[in-house]
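The structure under discussion is supplied below as structure tokens; questions concerning it will follow.
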């Protein structure tokens, strides 16, 4: 039904881009909290040991050290798993980084439920809600490895704090080579006028698959890759509401506090249209294979198709 | 223009209710993190020293200890300022309390910007976003001291985790004596069919004042006290959308992740109507008197009135 | 092979520093505090090997999990579950039970194996580890698995939880004791030190922390990633009674638990010197096996070594 | 009364354990490491009293704030800003400056008073404390106030930040030193111990932590709320060079900073024994004045005592 896509690792793209940046700019420093093999900051560590700081299993301290380095002119990338990089050090992100608007880029791997077998302690289903409630933070969920490299580069030259969420598994590549990321701008992935699917992260591939299937049924969906959650591309959302009259959002996150709630806020303020949410609803997730979990919680092309049909039935 | 209301302290109501509960139920235990004079858990501590545990300035540990006590059959109330009770121990709330669904009631005082002069480190403008992203937590923002006592009692007999947010200053009393709190149910404070104001915490008084003024201009607003943020009273929201066709939310919090975004999600799923938000927009707040800050950020009856006019102009 | 439940005491008399009494291992009256006879130690060692086999089999079958830190803690967990703890596998919620809290939650396979061998649930369940719908989650979930006291997986949270349960014992005039197992890398976490400061402040002599000091964390040796030494001095400066033992010597471990029961007014920390991956040659001191499952061939080889 | 900027050295030669050299206080070449002559100490003591007066006046005018913990740290801050730190009040961003990081951010009034007296901004600004639109926020905000290195108000975060700046010095081959002031109640926070573990691991001998050990926190005496003793042993066990001084004796404080400059390979912790509310009779050791402003009358009485 839908074409197979090349898989690639977003965290590998991160690690490789860090090494490139390390060569280009001596002010780049990298921190980790005893997960450098998994986050792939170990690639940078191997090449630039002087500019790499492992903080051990101490995420709060890692964020504080990052802030001090940033206040001294460094461009700081700090990594851990998404749960630990947000939940375990939120107050430090708030007081040491966000309030003074320091140049710290939190790059969190292992976002969402596709961490799989490790279970709920390791499933980051609220990290974006947390990151989005840090005024001044840019929050980005790249759709794939290609966009990840772009986002990391953009963050390195854009002053101020970033939260960037990557995945554990290799994920389908949906951006073409030469793709150009622009912070705060949704990327249009497909045209359509019956409804719009707004997605980010690995749900972009699912959105494209859903749109493809729906097209076969005569329903033409616009697909937006809303990789930037903050600042949100309100213009693209308003256009989508106006031109397609119905919106479905799709994200690997709780409905609360993520993409869907952000889009809903824009929609009701500008052009109230029916929406449906493909997201987790106020529940923790459990051990299982990544694909099993995505299916169990409807985070699939099928889930998106049903949501589109529901939203179309409510379209005025 | 609007009547003066009696002022009363929500945290004083909390402390007093704790003492009553302490007499009634030997399983009630109370914890604090070196702020018991301010949170008023010191009232309980003075009466039941054996069942009170000061954890010092260590919020993470306080939450973990609370979890252990709850797992051993205790009904645990744990308090600190709203910023520290959420941001500083979010991972502990997540893993030690929410995931095992333990009977821990986080009662946070000093919510919102009305902490005033202490400045942004002490302004809890994101605590509700955090609390709402903990599946299984009930999240409540009582409108006043009368409702606070009710909410604390309800929490003590409702199994599972709670986050309850109180204020630092004395706040206007809007609930009548004999008021009966029902978890997950909005309280109708005023009838009206032109638009609905949905508010919680000290914004309920502002909402009532705004409605009063608007009535003088021929605009009749329904006012809902949505003290329970989670589980959200979807039915009341859908009715409000259907029957009044326009909604304004008002909260002492970032727009993102709080009441407004919760209501918006319900609205677009059931009955898309125009909304406006009276809330903080992606910015930190600074030192000043509580009333000055509320005015500066439009968290006032005037702000609500403007929002109502804006939303009415967009009403179909 | 020793049948698990045979080793389990349904309960035992608490307390007493009586080191001379001898007892039959399977007796329900056995004291935890006595010097075990050689035959008992041998039984426990056999059980330890048995648990190691379970760990390898479970993780290999799951295809993911943490062998290294499970294997290093085998003797500690064996000593606790099959000799020290007063517990009732068929009545997991028994209020009087001693509590075992696994703070280093990635060693969940080891805990599950011990619980199964004690009879909390069927040994056959073990192969469901980490599978969709299994009661045996990748990291512990107290709502799903009988005998699991605490949900974990985020490091550093167990000792605080242990303090809460130890305080509850005091409030309820219960004599149960609380044992918390931590990793050494886990001791990087500030919450551990918040708890380390609080437990002596509260005078909790019913609380024992065991640190599985295998000298490694994920990124390598503690000394290179984040030096925790001198670890014993840190716990001492925080007000704990501190003991150091060879964490693979069951006799030493039992003696330490026994000593801890006699300490009044403050908690005890047992620093157990261990080897990560212990018992499987190619896993020992090999950081690659912190969180990597053995292949089918590696598992076979490991089981051979553990035969 | 000593004019603030007179006391400030634009910069001074770092290092050297030279205890015999003498110097004029106002000299730009003065070494921090020497034993100060009595006259210098007297000048500094006068400045300390001056800062105390500012603290009282500012907080009384604001109607809220934290007098107790500001007053206990006056001599420490005076010694740093008017003798130890190499800094340029008119060039607050000078990359070579020594860093002072106020981790116990509620003592902001004291820091603001010192900065104003140094000439970072006008002394007249001080009365704007905590008012809407003021650069002098209730807790520090590094984006608003020249000379403020770190935003604070949430306890326990300053030492980590200090490690970051100390590491930056090494990366940039800068010789500046980093001083972090913490409260003793603040030492309850786990993040402090994460940082305490990391700084020696990174071998940061350009970092000094000063603990304002006034034995009180908000809810009362440390010993009752959360016992931090033995505090010196804790820092020692975490790998720090540890000194204890009378935190109201400027000579002892300067000697300790001097000693710290000579320590190689590890950071220094100075435990300054102080009295909360020091200098105002009715505030001393009175927990009520942790976070309560004096009334107009109380302020007048306090200023009388500080005349």
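Per-chain numbering from 1; labels A, B, C and D assigned in written order.
By our rule, a contact is a pair of C-beta atoms (placed from the backbone, for glycine too) under 8 Å apart; a residue touches a chain by one contact, two chains touch by 3 or more.
From a predicted model like this one, the values you see are computed outputs, not experimental measurements.
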{"item": "Partner chains shared by chain A and chain D (touch criterion as defined above)", "value": "B, C"}
{"item": "Chain at maximum distance from chain D, centres defined as averaged CA atoms", "value": "C"}
{"item": "Chain B and chain C, separation of their C-alpha mean positions in angstrom", "value": "42"}
{"item": "Centre-to-centre distance between chain B and chain A (centres being mean Cα positions), rounded to whole Å", "value": "30"}
{"item": "Centroid spacing, where centroids are CA-atom means, of chain C and chain D in whole angstrom", "value": "45"}
{"item": "Whole-Å separation of chain centres (CA-atom averages), chain B against chain D", "value": "38"}
{"item": "Junction residues of chain C - those touching two or more other chains", "value": "141, 151-154, 156, 188-191, 194, 197-198, 201, 226"}
{"item": "Two or more partner chains touched - positions in chain B", "value": "55-56, 58, 60-61, 83-84, 87-88, 91, 94-95, 99, 120-121"}
{"item": "Category of the chain touch graph - line, ring, star, complete, other", "value": "complete"}
{"item": "Chain A contact footprint on chain D (complex, rising order)", "value": "95, 141-143, 149-154, 156-169, 171-172, 190-191, 194-195, 197-198, 201-202"}
{"item": "Complex contact set, residues of chain D against chain C", "value": "156, 188-194, 197-198, 200-201, 226-228, 230, 233-234, 236-239"}
{"item": "Complex interface listing, chain A residues touching chain D", "value": "29, 50-51, 53, 55-56, 58, 60-61, 63-74, 91-92, 94-96, 99-101"}
{"item": "Partner chain A, residues of chain B touching it in the complex", "value": "83-84, 86-88, 90-91, 94-95, 98-99, 120-121, 126, 129-130, 132-136, 230, 247, 254-257, 260-262, 264-265, 267-269, 272-277, 282-284"}
{"item": "Of chain B, residues touching chain D in the complex", "value": "32, 34-38, 42, 54-58, 60-61, 83-84, 87-88, 116-122, 286-289, 292-293, 296"}
